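Okay, structure first, notes after.
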Amino acid sequence: MNRLAVELPGLSLKNPVMPASGCFGFGREYAKLYDLNVLGAIMIKATTLEPRFGNPTPRVAETPSGMLNAIGLQNPGLEKVMEEELPWLAQYDVPIIANVAGSTMEDYVEVAKHISKAPNVHALELNISCPNVKKGGIAFGTVPEVAAELTKLVKEVSEVPVYVKLSPNVTNIVEMAKAIEAAGADGLTMINTLLGMRIDVKTAEPILANRTGGLSGPAIKPIAIRMIYEVSQAVSIPIIGMGGIQSAEDVIEFFYAGASAVAVGTANFIDPFVCPNIIAELPALLDELGFDHISECTGRSWKKGGPTVYCGA
Amino acid sequence: MNRLAVELPGLSLKNPVMPASGCFGFGREYAKLYDLNVLGAIMIKATTLEPRFGNPTPRVAETPSGMLNAIGLQNPGLEKVMEEELPWLAQYDVPIIANVAGSTMEDYVEVAKHISKAPNVHALELNISCPNVKKGGIAFGTVPEVAAELTKLVKEVSEVPVYVKLSPNVTNIVEMAKAIEAAGADGLTMINTLLGMRIDVKTAEPILANRTGGLSGPAIKPIAIRMIYEVSQAVSIPIIGMGGIQSAEDVIEFFYAGASAVAVGTANFIDPFVCPNIIAELPALLDELGFDHISECTGRSWKKGGPTVYCGA
Amino acid sequence: MKTEKMTIVHHERIAKNIYQIRLAGALVAEMNEPGQFVHIKVTEQANPLLRRPLSLCDINKEADECTIIYRAEGAGTTLLSQKRPGEMVDVLGPLGNGFPIEAAKTGQRALLVGGGIGVPPLYELAKQLVKKGVSVTIVLGFQTKEVAFYERKFASFGETYVATVDGSYGTKGFVTDVIDTRITSFDVLYACGPKPMLKALEQKFPNKEVYLSLEERMGCGIGACFACVCRVPDSETAYKKVCSDGPVFKAGEVVL
Amino acid sequence: MKTEKMTIVHHERIAKNIYQIRLAGALVAEMNEPGQFVHIKVTEQANPLLRRPLSLCDINKEADECTIIYRAEGAGTTLLSQKRPGEMVDVLGPLGNGFPIEAAKTGQRALLVGGGIGVPPLYELAKQLVKKGVSVTIVLGFQTKEVAFYERKFASFGETYVATVDGSYGTKGFVTDVIDTRITSFDVLYACGPKPMLKALEQKFPNKEVYLSLEERMGCGIGACFACVCRVPDSETAYKKVCSDGPVFKAGEVVL
């Protein structure tokens, strides 16, 4: 028995650890460092219909135990991803989760329709967390009805299961998750980045050229854990958890909260070997904790416990 | 000229630095360490109508560059605060901002009516960020109409200006701020804690007895900066900024974002002298940056710049 | 109570994951009571963020030095364990109210019971009691032999018994097993260790004068944040703060 | 390209806030091109989180050592500056594409222009050029005398000029002021320094072979995150990554 293997809609994973979208490009750079076959899956960089250059630089800024990014969805566009990146990735025996983004519903549908046909794309991840204010500003990621509508449209055209990536920048994440589940999503991935900003004390200018950006890294881990804890109790589709994961212990914490697999983002920048290292460390940690299989950890914090009540401060 | 003095509704502050509510008790402990007269103001611990014991322990947990708390609004109740704490604080020439909390609108109104009569209470701070699910669960801090209604009711009875403390756990902080401004608030304080959670890897139990708690400290600073940046451009009432402040540089960053004064919370636990130290360091920092007066810093990041557009990742 | 950057003059591993650190500084002049603690900042960075509460184990006024014994387990204590003599650590203290020496009169016998990392504060306590002319009996409990420490140093103050959970050293079992079989009489009991141990002692000696040192997760460490409260018997709202009212309480004063 | 915990064998302050650090490790065997950089993790903690990109200044294959010169300014470099010989630092590298030695032929003359903390990579470059038989002229620009460094070490490779903005050392003004008045001819220009300096050089020598080393804020440092891109002339979508396509580009290859 493979103690790390997990089965999710569309995804038979040899282990539940994968790089998060946008933090691993299309795998080429990390392939120079280790054999990508060790990975459970790969979430590739957001793909849009047309090539995008993204935002002006600086695009990243450091924050306490975290970082801000405003890459602006730079990517080579659907065609090139289909013709160059995915075929290149097909040399590896690793399922690809294609992160789909766009400015309009039609964009999403178009990308989803085509990219889901690629033989090594086993699932889609809808990146609805990008309120592109410039183009219409439809808040895909923050209005449940809009997110549900988008999910439905993409489900209709996709040849593979559809996971929807939740934005943490909402009042009620459970409501979003439920609407998306009801619309037919096969799974959820969470969390995307929190909207943040830093200002240079010397110049009084925001450090990011885009002014605001998305906060990721260990700083956001407690928020991710809380949201997964809440959502996993309210839906029955599986969750791929992410947000600040750096170690095998972090992976277990996400499972306890309610995740069935995890993605590692920012930590790849700090230690490019973080994914293989975590995968290698998990079996010993399971031994130490007394679990036969990692899936026993999913939701353990609430399967044992009572309801949540918070009265801040 | 006092380069640090700022004038806000109800508050003539010798400097813009004050301890944040809940991180300074009622001042007695810190008074053993330094002369409280150096402080710009003091935000006292949330006061409720009746004494409250709060949540079971553990009530705090550490997170990367942050901490979670679920104190549960423990406080000795209105009567004792009026009879013992405020008179004791009156020995200092420091305006008090009374943090007001409750489970119902009537609670808030009742506390506000009485506590605003105390001679050294120069302003109220409405803590609407506490969705006490147990008692009715009215989301004071997340529904604009409810927050506006509460603001209006409290304004009617309060003898001093009313500041409303915004919760960051919302999709649209600007909408909240505008509704509260329209309802007559004299100022805003922001941000309160972000809802988070940690789970013990050994036991699979949440570390906090209350399960979830409020995230504070440096980790949340970029979120606070972003929210103040957005809100300060949308309202014309002043903002007292807080969230992860640790240094004089941080204070300037909050001013640039749009704050007119700041509060320091968690950092008091790490360095009990942090407030007097920051106050002492500010004049030299203003010199270095070329400002005559600290109020020149308010909103400088957006007074110079363009609009915000974020297209995450 | 104030903050000081104290200098590490000695730092040594004395058992598995157990470290002894000696700090020098003016703050020592303010340290008096056994059972008081200090709040230590282990890094100048924002992470790990919070201070760590650690008990005073030995106070040496002549040398302006104090000793602390701690278990390196989590992020903060592990970082602390990497510091070398000559480096500084930021110390806030002394904090809290310690064990009352005056509770035991000259000529009386005190029983000191320590469990695991609750053992260190009993060392300064034993020292001060013996100096006053109080006889002490010491019972120390550990998980296993490899994490046991200081039993020989305690033996210089009085009869010292050791219990280990796995029986690898001393009596197999808990401190209460030792007490049941070996301890005949005492006037005052002082204890520090895990909560189940403290509860067992409280129940065992309802009519004795018993002082217990509590542990609780802390924020400020000085009484301002309400992180570390415990309940007072028969009250809905009354409370004590472990950091500033304790950490030592008389048995029955607070709900364990 | 891999990661290694390299050992600090020497660490010294050589000018105001400017430090020279020498690291030993097997990774040196992979270091070849001047202008390549390494990505350094300055702490085991989560804060400061990101690695810091720093250029190779001197590669000593025989000793398996490399030297880096950096300015201690922000949180990360300040932490680095506190590390002592014998300690380890986590290094990812060597990264990027450096200055092309082959662009200058034996017997030709190269002009090396460095500004501030852009000076270090020119040292290894000068060394390799001279070894190949290329004559070098060096122009170094600093803010003031107190932050100037290495000018004497460069002088051993060829004529070396210094400019300081405040005139406290060498010519008063910018490197371009020195070039205007002192430099008569050269075949290839290599430069590293602040963007305004690079722009000025690019404009000044439109018909020369010019290589410029760029700086950009980085995430991964290896080409995966799209943090460090710059534009390519006359294209809406084409780009180059400073970390993996650069940091050295031929003038005109990317938009400065």
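Here the chain labels run A, B, C and D in written order, and each chain numbers its own residues starting at 1.
Here is the rule we go by: a residue touches a chain if its C-beta (ideal position, glycine included) is under 8 Å from a C-beta of that chain, and two chains touch if they have at least 3 such contacts.
All figures in this text were calculated on a predicted structure; none of them were measured in a lab.
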Chain whose Cα centroid lies at the greatest distance from that of chain C: D
Chain centre separation (chain B, chain D; CA means) in Å: 46
Centre-of-Cα separation between chain C and chain B, whole angstrom: 36
Contacts with two or more other chains, residues of chain A listed in rising order: 22, 63-66, 69, 71, 217-219
Residues within chain D bordering two or more other chains: 46-48, 75
Graph class of chain-chain contacts, one of line, ring, star, complete, other: complete
Chain C residues within the chain D interface of the complex: 43, 45-48, 75, 79
Chain D-facing residues of chain B, complex: 64-65, 218
Touching residues (chain side chain B, partner chain C) in the complex: 22-25, 28-30, 32-33, 45, 51-54, 57-67, 69, 71, 74, 77, 217-219, 246, 266, 268-273
Residues of chain B that touch chain A when the two form their complex: 21-22, 46, 55, 63-66, 68-73, 127, 129-134, 142, 167, 169-172, 192-199, 201-202, 204-206, 210-215, 217-223, 225-226, 229, 244, 249, 252-253, 256-257, 289, 297, 300-301, 304-306, 308-313
Chain C residues touching chain B - in the complex, by the definition given at the top: 1-3, 41, 46-51, 75-76, 92, 216-231, 236-237, 239, 244
